[in-house]
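Below is one structure, written out as structure tokens, with a few remarks after it.
As written, the chains take the letters A, B, C, D, E and F, and residue 1 is the first residue of each chain.
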Amino acid sequence: MLLEYAMRASKLAIMVCCAPEARAGARSALEFTAAALARGCAVTRVFFYHDAVATGLATAVVPADEFDPRERWRELAAATGLDLVLCVGAAQRRGILDSALAADAEHPSTLAPGFRIAGLGAWLDAVLEADRVIRFEG
Amino acid sequence: MASPASSTRRRALVLMRDPPHAGIRPRERLDLILMALAFELEVSVAFVGAGVLQLLPRSGPGDPLPDSGAALGSLELYGVSGIYADAEALCAYGIEVDALRVPATALETEELAALLHRQDLLL
Amino acid sequence: MKRILHLIHRDPLAAGDLAACRRVCRPGDGVLLSGAAVSAALAGPNSEALEPGITWYVLSSDLALYGLGARILQKTVDSVDYPGFVDLVCEYDLCQSW
Amino acid sequence: MKRILHLIHRDPLAAGDLAACRRVCRPGDGVLLSGAAVSAALAGPNSEALEPGITWYVLSSDLALYGLGARILQKTVDSVDYPGFVDLVCEYDLCQSW
Amino acid sequence: MASPASSTRRRALVLMRDPPHAGIRPRERLDLILMALAFELEVSVAFVGAGVLQLLPRSGPGDPLPDSGAALGSLELYGVSGIYADAEALCAYGIEVDALRVPATALETEELAALLHRQDLLL
Amino acid sequence: MLLEYAMRASKLAIMVCCAPEARAGARSALEFTAAALARGCAVTRVFFYHDAVATGLATAVVPADEFDPRERWRELAAATGLDLVLCVGAAQRRGILDSALAADAEHPSTLAPGFRIAGLGAWLDAVLEADRVIRFEG
């Protein structure tokens, strides 16, 4: 019966809202996404909003022995083709700039590899394509 | 689970629970609402708990607006389906619904629950 | 009426999320406790009763994360792992994160 | 025993700070409400009584920030501006931020 | 207000109120405690409310430690004066004080209040 | 009587813990500091810790009509000689790097002018020199 449900609703749009330092939430979002893919669900997009945009910040220096969601998302995306998108407005405000934004603001680029920056329209596209929407707050 | 006859647009609800001036989340949640409206969803927004404080007007001419700022005023312009305020929270703060800076409908807890349970999307 | 899976992650001792969720939770809904909110799933002299009619879940890996993996849960709570979490999201009509 | 000025900024509807502060607040202490916590200073049918023995303050500029500048405060609350806030910090022995 | 005869070192207290794994604050608060110890203050730390969850040990061998991690274990090594846990919160979670991963003293609310009011510094 | 107190305890160590986006808290810390200086108090240091280190992030792009604590702190410091210090550990983790840290991490520098980065020892020094310690959480 659970399998039947999983078959019926197999496209998920995933929004991550919690800062990468919030280990429980950051880990939940990541493990949930990995489990969904492993169960054969499609993930239409992973969209990082609010403080979660810092997940794509290249300049953060995290102790080597710590759980680092940045690395883990990048690995998962490399293995599965996941689309990892940071919200442009939230990212700019928090100083995460891709090369185009950086050139506009005359700042260095601070976007980590594996992530891209796009508008909220990319999230709405992902939502409308999905059967289920889930938001990870913490 | 089928769409009601009255509308083929998908109904989406955004809950606003954060107090104003305590972070940028309310402002960013409003940006999300505006984008959902641009995608022609039938969007409602419900201010619950401390979120109702976002609906208060300035006290005086020099006072700033909440972070949600002008965007809150533009919700109607962009065709939001409903703006709701948590009656229990309004009462707890001693705020009358006609003192709010946008025309919101006060909902009792039971109506709030019903609103939540008839959506196609919770954003 | 849609069936909603409510996600709670903040500790009820520190935040009002669980109380806010309970106000609008209706029979047929589910509540998944994760993060620091897993503490609400524990059995104990002071544990709050979890309403019947609503199905209560707790994320097993977060019980372990919080060092509560060996504790006794309230009888009405189901422990789920990540694949189970995915199934729940598919099974319920909607998800509301608090 | 030192006299402590307690600083509360989160709304009591959303966070447990005010309740936590009250547990360890003692006569002679002061509590300054700022940010969203200014709502706790309002008079109203549901307003919680603020204990006597403790002196209650509210930051006037945050009442204005929250659009509550014209509302009636509980009688036991003193409104202070920033210079008054500085004086309070100097007057009390210690500050505890919640 | 004069220092007690028993000590000329300034007494400092750090309250730990955040649950673990929900952010980096507890870890950063511990760094502050360690620095206060390096400056030879007489430092106590009190875990109150959801903060007592930081004191729980791993459930199993593979489980991670809270963000406060190894630093919590080093508090004694660096000469912390006292590690206290909120008895009311322990009771609410059904946690026994001897199940904690560092030797903490459970304090009733009245003792917690007294601890707070006899400090020279609240950090 | 208030004046007497103000005279007696005139050295303040100020810790700011709230993110610059938390307008009420960020404004409180700033206005309090300005009022303290205006009343003749000495401020031994303003130390930015936890999420407040983002107050010194150069790459953040904030809408021009918004209250920006970054600018305001810089102006206050320029006018009064205030020492604005970001905690090194908290800053690194959040990707705020001065030129030395940036060189070590092979990243661009992201520190805003007017701020400097130092260790927690700088905070303890400020505390021990002060009569009163105040922490702005939000």
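Everything below uses one rule, namely that contacts are C-beta pairs under 8 Å (C-beta built on N, C-alpha and C of every residue); 3 or more make two chains touch, one makes a residue touch a chain.
What you are looking at is a predicted structure, and each value in this text was computed from that prediction instead of being measured.
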item: Chains in simultaneous contact with subunit E and subunit F; value: A, D
item: Partner chains shared by subunit C and subunit F (touch criterion as defined above); value: A, B, D, E
item: Most widely separated chain from subunit A, with each centre as the mean of CA atoms; value: D
item: Distance from subunit E to subunit D - Cα centre to Cα centre, in angstrom; value: 26
item: Intercentroid distance (Cα basis), subunit E paired with subunit B, Å; value: 41
item: Subunit A: positions in contact with at least two other chains; value: 21, 23-25, 93, 133, 135, 138
item: In subunit E, residues with contacts to at least two other chains; value: 17, 21-22, 24, 49, 64, 121-122
item: Contacts with 2+ other chains: residues of subunit C; value: 9-10, 13-14, 16, 35-36, 65, 94-95, 98
item: Touch relationships between chains, expressed as pairs; value: A-B, A-C, A-E, A-F, B-C, B-D, B-F, C-D, C-E, D-E, D-F, E-F
item: Of all residues in subunit B, those that touch subunit F in their complex; value: 21-24, 64, 67
item: Subunit B partner contacts - residues on subunit F that touch it in the complex; value: 19, 21-25, 67, 138
item: Residue ranges of subunit C in contact with subunit E within the complex; value: 9-11, 13-14, 35-36, 39, 42-47, 63-71
item: Subunit A contact footprint on subunit F (complex, rising order); value: 21, 54, 57-62, 92-97, 101-102, 105, 107-110
item: Interface residues, subunit B side, partner subunit D - complex; value: 17-22, 49-50, 53, 56-60, 63-64, 66, 89, 91-94, 101
